[in-house]
Amino acid sequence: MSYKFDFEFLAERWPDFVAGAWLTIQLTVLSIALGFVVGTICALARVYGGPVVRRVAGAYVEAIRNTPLLIQIFIVYFGLSSLGLKLSAEVSAVLALTINMGAYTTEIMRAGVESIQRTQLEAADCLGLTRLQTILHVVLLPAMERVYPSLASQGVLLMLASSITSQISAEELTATANLVQSDTYRSFEVYIIVAVVYLVLSALYRLGFWAIGLALFERRRRLGTPL
Amino acid sequence: MPAALEQTTAAVVSIKDVIKEFGPLRVLDGVSLEVERGQTVAIVGRSGSGKSTLLRCIAGLETVQGGGITVCGHPVGRPGSAARAQLRRDVGMVFQSYNLFPHLNVERNITLALTLVKKQSKDEARKRAAEVLAMVGLTDKVASYPEQLSGGQQQRVAIARSLALQPQVMLFDEVTSALDPELTAEVLGVMENLAHHGMTMISVTHEMGFARRVADVVVFMHQGKVWETGPTAEVFANPRTAEFKQFVGSEL
Amino acid sequence: MIQLSFNHLLYLVEAARFTILLSVIAFVGGAIVGLPVALMRVSKSPTLRGIAWGYIQLVQGTPLLIVLFLSYFGLGILGYKLDPLVAAGISFTVYAAAFLGEIWRGCIEAVPKTQWEASDCLGLNVFQQYAYVILPQALRIAIPPTVGFMVQIVKNTSLASVIGFVELARAGQIVNNSTFEPFAIFTAVAVIYFVLCYPLSVAARTLERRAHAGRS
């Protein structure tokens, strides 16, 4: 093999990679947060809602989990704009990623909510808490605590999957890589660098989730039980 | 007698011809019972006699198919109704499985409803929590989490949590059934103390010793009915029905 | 602009065959590489465990899209003709092996320790222990999550479109380029994916429930 690696382009193009990584972080942090809200609401609907609400939430989950993210992104970006709703690539990316994250979060949080025993709800009822107060103060945090490792994994998976938004030219990390490789013809080197950046981001996200978990779950922190 | 007068002097809890069915199964079959202010009532009976269901009906955790229950003159009401909100102010409930909130420490378990329902300030609620914890002898556990406590301690926190809301009536649903004898004693001690301070209490219990010593009235339930009831000493001294005689015999 | 027609839909359905083909390649390749990865993960040798762990971390921490680009352009560097199917096949094998390796490791570890001890006491060697005692039991545990992962494989083959392999997603783009009715076309594409994936999802769930019912 006579191939010679050449990373010289980095001297000039490294700010592009930084900008791309930064957009990836912005897009995915926003999508993970919004997806968590959507998913939590749908999970509560799946467990406590009436039959119609349950079905709607269930159909949403199945539709998203059984179709590729790439196609979901195309429908949001190309599809909606052809119907007259023109969204920028970045907004489309956040919308599609949120819808996707929301569906997976629904399934994960549903398991968490279902694990909260009925007697906890009865105790809250007997203390006079309203339904909403019960959900906010008695159900959500323990439910989330129980499934937190899955939520964190899903968050990392979403961050990695956001590379697919490069296909609608949201200028995130992968799109930046595509651009730089077409300018420099150092494709292999470019994608090696980007792979390393993604690995670092994965580690950072895991660290971030760990820190958030530590902040959220006071009992775990105080008693020192691992998640 | 005028109705208004009857309410203030007589029953805090009034149960009339209550029927409760789970599908084809009739669990409560025309139960009537009056509990006066300051009374301690012990409901005893075999499992499946409907005693726990009766308590859950008073607490509004089960809807009845017939008859009616009033507490402090108000009906139990449907979830979300004004009557139900009033019931929650009047009635405190303690469960067999404690049902403390595992993610909250002892203090927060007690202050949660004080701040959310009674709209007390954090400081007020904390003061109240300290008071009730002193009453159940757990002042030093204020910052502990439920999983760090013994079953008996958890149950005493559950009693304190309910007590903090200053209910008119407290319901105890087999609160010592999950506990070792040693831990049972400390929980019963707290309940006995409450009874002496004039709290109106209805307790579903297996503890015949407790019933004999503390209860003013004993209610023996059998096949979904109040089979036999009366002042404690009298009922135990002269059981009228064969079933109760047999039950008392088997429990000794 | 050409009207969207029945022929276009037929073209999509035909392209779906290549989605299935690539899925099968990915699964078979992933299984062939994934089983050794799983066995290395539970091996007694720290070196083998470390290599397998590193491989899984590397692949699970990199977007599949980047893995695709790397093998596509990497093959070019090695002087091979850039064949999208070969590049996609390699990428999906690498990807599926990492995930299946991790899933199957969990299944092997789920077999009770006493089974190892019992077969050890019967005088079976390590190979015999795996072949006759551990793996048959792990297999039963592994079926539901493996079927569940097949859904991920089918969906992710859509990414092969990016390096020019004409499967369902790429076919959708091609039809869209001539008809320009993206909403209808990509919805149709999504429906075809759903038809492929949903039965697998249901099967995974049913098997999962049955496994749980059997255990308790």
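Read from first to last, the chains carry the letters A, B and C; within each, the first residue is number 1.
Note that a contact is a pair of C-beta atoms (placed from the backbone, for glycine too) under 8 Å apart; a residue touches a chain by one contact, two chains touch by 3 or more.
Model, not experiment: these values are computed from the prediction.
Set against the Cα centre of subunit A, the chain with the most distant centre is B. Overall, the chain located most centrally, as judged by its C-alpha mean against the mean of all protein C-alpha atoms, is A.
Taking each chain's centre as the average of its CA atoms, subunit A and subunit B sit 47 Å apart. One inter-chain figure worth recording: subunit B and subunit C are separated by 57 Å, centre to centre, where each centre is the mean of the chain's CA atoms. The mean-CA centres of subunit A and subunit C are about 21 angstrom from one another, to the nearest whole unit. Shown for subunit A are the residues in touch with two or more other chains, of which there are none.
Chain contacts: subunit B has no residue touching two or more partner chains. Residue ranges on subunit A touching subunit B, taken from their complex, read 119-120, 122-129, 133, 137-138, 141-142, 145, 217-219, 222-223. Interface residues of subunit A facing subunit C in the complex, by the touch rule stated above, are 1, 3, 62-63, 65-72, 74-75, 78-83, 156, 160-164, 166-167, 174, 177, 181, 187-188, 191-192, 194-195, 198-199, 202-203. Per the touch definition, subunit B reaches subunit A in the complex via residues 59-61, 79, 85, 88-89, 91-93, 95, 97, 99-105, 112-113, 116-117, 145, 147-148, 161-162, 165.
Touching subunit A in their complex are the following residues of subunit C: 58, 60-67, 69-70, 73-74, 76-78, 151, 155-156, 158-159, 161-162, 169, 172-173, 176, 180-183, 186-187, 189-190, 193-194, 197-198, 201.
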